[in-house]
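Heads up, there are several structures right after this.
The following pair of complexes shares a single chain, subunit A, combined with subunit B in the former and subunit C in the latter.
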Partner chain A sequence: MSVLRPLDKLPRLNTATILLVGTEDALLQQLADSMLKEDCASELKVHLAKSLPLPSSVNRPRIDLIVFVVNLHSKYSLQNTEESLHHVDASFFLGKVCFLATGAGRESHCSIHRHTMVKLAHTYQSPLLYCDLEVEGFRATMAQRLVRMLQMCAGHVPGVSALNLLSLLRSSEGPSLEDM
Partner chain B sequence: MNQQDLDPDSTTDVGDVTNTEEELIRECEEMWKDMEECQNKLSLTGTETLTDVNAKLSLLIMQVKCLTAELSQWQKKKPEIIPLTEDVLLTLGKEEFQKLRHDLEMVLSTMESKNEKLKEDLEREQRWLDEQQQIMESLNVLHNELKNKVETFSESRVFKELKTKLLNVKEYKEKLLSTLGEFLEGHFPLPDGSVKKKKKNIQESTIQLITLHEMLEILINRLFDVPHDPYVKISDSFWPPYVELLLRNGIALRHPEDPTRIRLEAFHQ
Partner chain C sequence: MDETVAEFIKRTILKIRMNELLTILKAWDFLPENQLQTINFRQRKESLVQHLVRLCEEKHASLNDAALLDIIYTQFHQHQKIWDVFQMSKEPGEDVDLFDMKQFKNSFKKILQRALKNALTVASKHHQIVKMDLRSRYLESLKAIVFKQYNQTFETHNSTTPLQERNLGLDINMDSRIIHENIAEKERVQQITQKTFGDYPQPQLEFAQYKLETKFKSDLNGSILAEREEPLRCLIKFSSPHLLEALKSLAPAGIADAPLSPLLTCIPNKRMNYFKIRDK
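On to the complex of A and B.
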């Protein structure tokens, strides 16, 4: 299957799966480790990928949340993400996709403007999170947030669906008129 | 859809447990069947990818549809609870009690440690109090002693003491003077008539000679009466050999300018 679909399989019992897509292997690995260290009632599975589409030979459980990790220091990272977005089914964007921008701390090294990311997130109606994944403390906090989001997207939190979460996370700041 | 995996881990009667377990498992199986049906329906729908151009609009439309659907679902839904059979209630009750016990144990340990601390504080304060009391006692004792000493001072006693001293000294003085007088009388008598005088050559007047004792008395009195001019004129009543004796032994001194005047040497200065 070249296109990722949200509800293509039955879920495994008490399991939640997250897919991290990004070009920075080391950062993704570190983030995955931080997430697995978190205390969570459900079982967590973290998949890492450089880009989509994923190889179809692997038997994987259904994905509950996709996080696109973009490194603000490299234009290639953004390009890669944009291409991968085309291999994602439209219904995923109802709260099961999230963008994570890293490297905003070192302003001088940023080659991608913040507005680009904001525009991207706004186009795909998905939440945009900022985090310096290189810093241990920020990474741990972000891991906590992602775990919580994942639980909600997998339906393990009674009363809250992914779409509800999306409505709650909707930021009132959209890209300014001149960018549109 | 929310999953509710409830497998009660109770250790109550096996009979009751199996019944509730069976019921719960049955309910779970039903839910799973529903899910499988939905899944089948879902797999029939096609996939749809987005381009940058149409993304926002189509997503928003989709969101509207889904939110409406969810809303109607919520409105239809009635709250369900797990069947409250006896052993389920028992298990729940046990859990509650466990929690309560845990909390109470925590409270107990906190109170105990607080008590310990308070006891320690009390002991410390007690020791401090004892020390302070000891200090106060010793200060009191000191105070009393000093008070006693001050009271025993009275003017009359001092006066009496001085009087006695004065009397003693006067007595001593009298004794000394009488001893001196006796000594002088014994060893330095006045010349008597056995010394032959030529009436014609030595125009001796019939002036009475005074004793050495009296001479010394005059000199002493003069020294103490008029300290700035202790000189006494040598009168004829002084027997010249005795004057010489006094002068030669350093008991009396001549006036530096006037040979007729002598004074007593100031032995007391």
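On to the complex of A and C.
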């Protein structure tokens, strides 16, 4: 079973690579475009995948951040994410993974309960972000946020590491799972 | 002219929109062309309708004429009705004789008092008539499905983009900083979709209905529902402005796995969109 590991390759100079994993290619493509529009001192690379494991390829750069995009309207999307998570090494979950849930705005179309996503993110000790990727304004804002996160995870922001970021995000979270 | 006929004509004309009224009246061919030209189609609809009904009275319009107008209106507005499909077939062992349209019409008129199904059977010399499990508003699509005429490949206008890229929906000027990891998977999905649905536009249907009468199947042991002896009854209906195109785009959009269930993809081939599923 091939597994993604965070430190199995050397970093490339000034390059930060993000991997977006999700079933709906159109959404991933739009998010990628929005991210690349951002002004960024680092060279960005965006990899799009439907699921893990990735096809074997020697030429892939080190991945600094994995974002699992789950469409709340589609149980298939969640199932795909859950299966893909098995192909990620545990050490990735020290701040280099996050979950992005889209579609919360149209609640009548949601077939995945918010609680399910919260529980998933909690299980994997990773942040959960919400964004309706179909709305351009929200998508642009999320793209900005992801670019900043990516830079930190790639070590391009002096004094801040992925693990720092994780603890920061954790402490600003809402009520704990037990309180729900 | 009978009062009923006058009322029938009046109501039919009232249904017709102003911008298609002249076309329909010409198609009806009851009021002569030169008379139609003298009518002021810009007046208020109520007075126009009264004028037309009067003209029909002068020409002694019959119930047949009124019915013909109604049929022509329905032809123009096919989409307002949901059409059923009946299949006629000869009894096995009988000769295939040429279908006599004139005799068919005569027989059909004579026995219109009986139920439509019986009338058709008798009129067409005791052929078997079966109602097909196929219904839709779109008469053209029903015809295309029934006579298997939907699989014409049309030449697309823009052939400058290489077929591969066009099918994968990739932009030629795509940013090289974006890397698609699952190109092979995308190609596979594209190929399967093309094999299943073809390159041509799909006939238009608005729904597919599945009536299930099957025993409950469960992975969990000791589930209460699994112990039921009687089959569960369940109705599933898929609705869409264009169902087959929607199904075709499910896998490429990443909403479903390819290949799709044959229950969905068999619709045009089996000429059905109403299914009953029972345990074998």
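Everything that follows uses one rule, which is that the second predicted complex is superposed on the first by the 168 of 180 C-alpha atoms of A that agree within 3 Å, B and C clash if a C-alpha of one lies under 4 Å from a C-alpha of the other, contacts with A are read in each partner's own complex, and residues count from 1 in each chain.
As a working rule, a residue touches a chain if its C-beta (ideal position, glycine included) is under 8 Å from a C-beta of that chain, and two chains touch if they have at least 3 such contacts.
Just so you know, these numbers come straight off a predicted model, no measurement behind them.
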item	value
Partner chain in contact with A:Val3 - subunit B first, subunit C second, else both or neither	first
Which of subunit B and subunit C A:Lys45 touches, first, second, both or neither	second
When both partners are placed on the shared chain, which of subunit B and subunit C touches more of subunit A	B
Which of subunit B and subunit C A:Ser56 touches, first, second, both or neither	neither
First, second, both or neither for A:Ser108, with subunit B first and subunit C second	neither
Partner chain(s) touched by A:Leu85 [first = subunit B, second = subunit C, both, neither]	first
Residue ranges of subunit A touching subunit B (in the complex, touch as defined)	3, 5, 7-11, 13-14, 85-91, 93-94, 122-125, 155-156, 158-159, 161, 163-164, 166-167
Touching residues on subunit C, where the partner in the complex is subunit A	169, 175, 177-182, 184-186, 253-257
In the complex with subunit A, residue positions of subunit B that touch it	1-5, 35-36, 39, 42-43, 47-52, 55-56, 58-60, 62-63, 66-67, 70
Complex contact set, residues of subunit A against subunit C	19, 22-26, 29, 32-33, 36, 43-51, 54-55, 74, 76
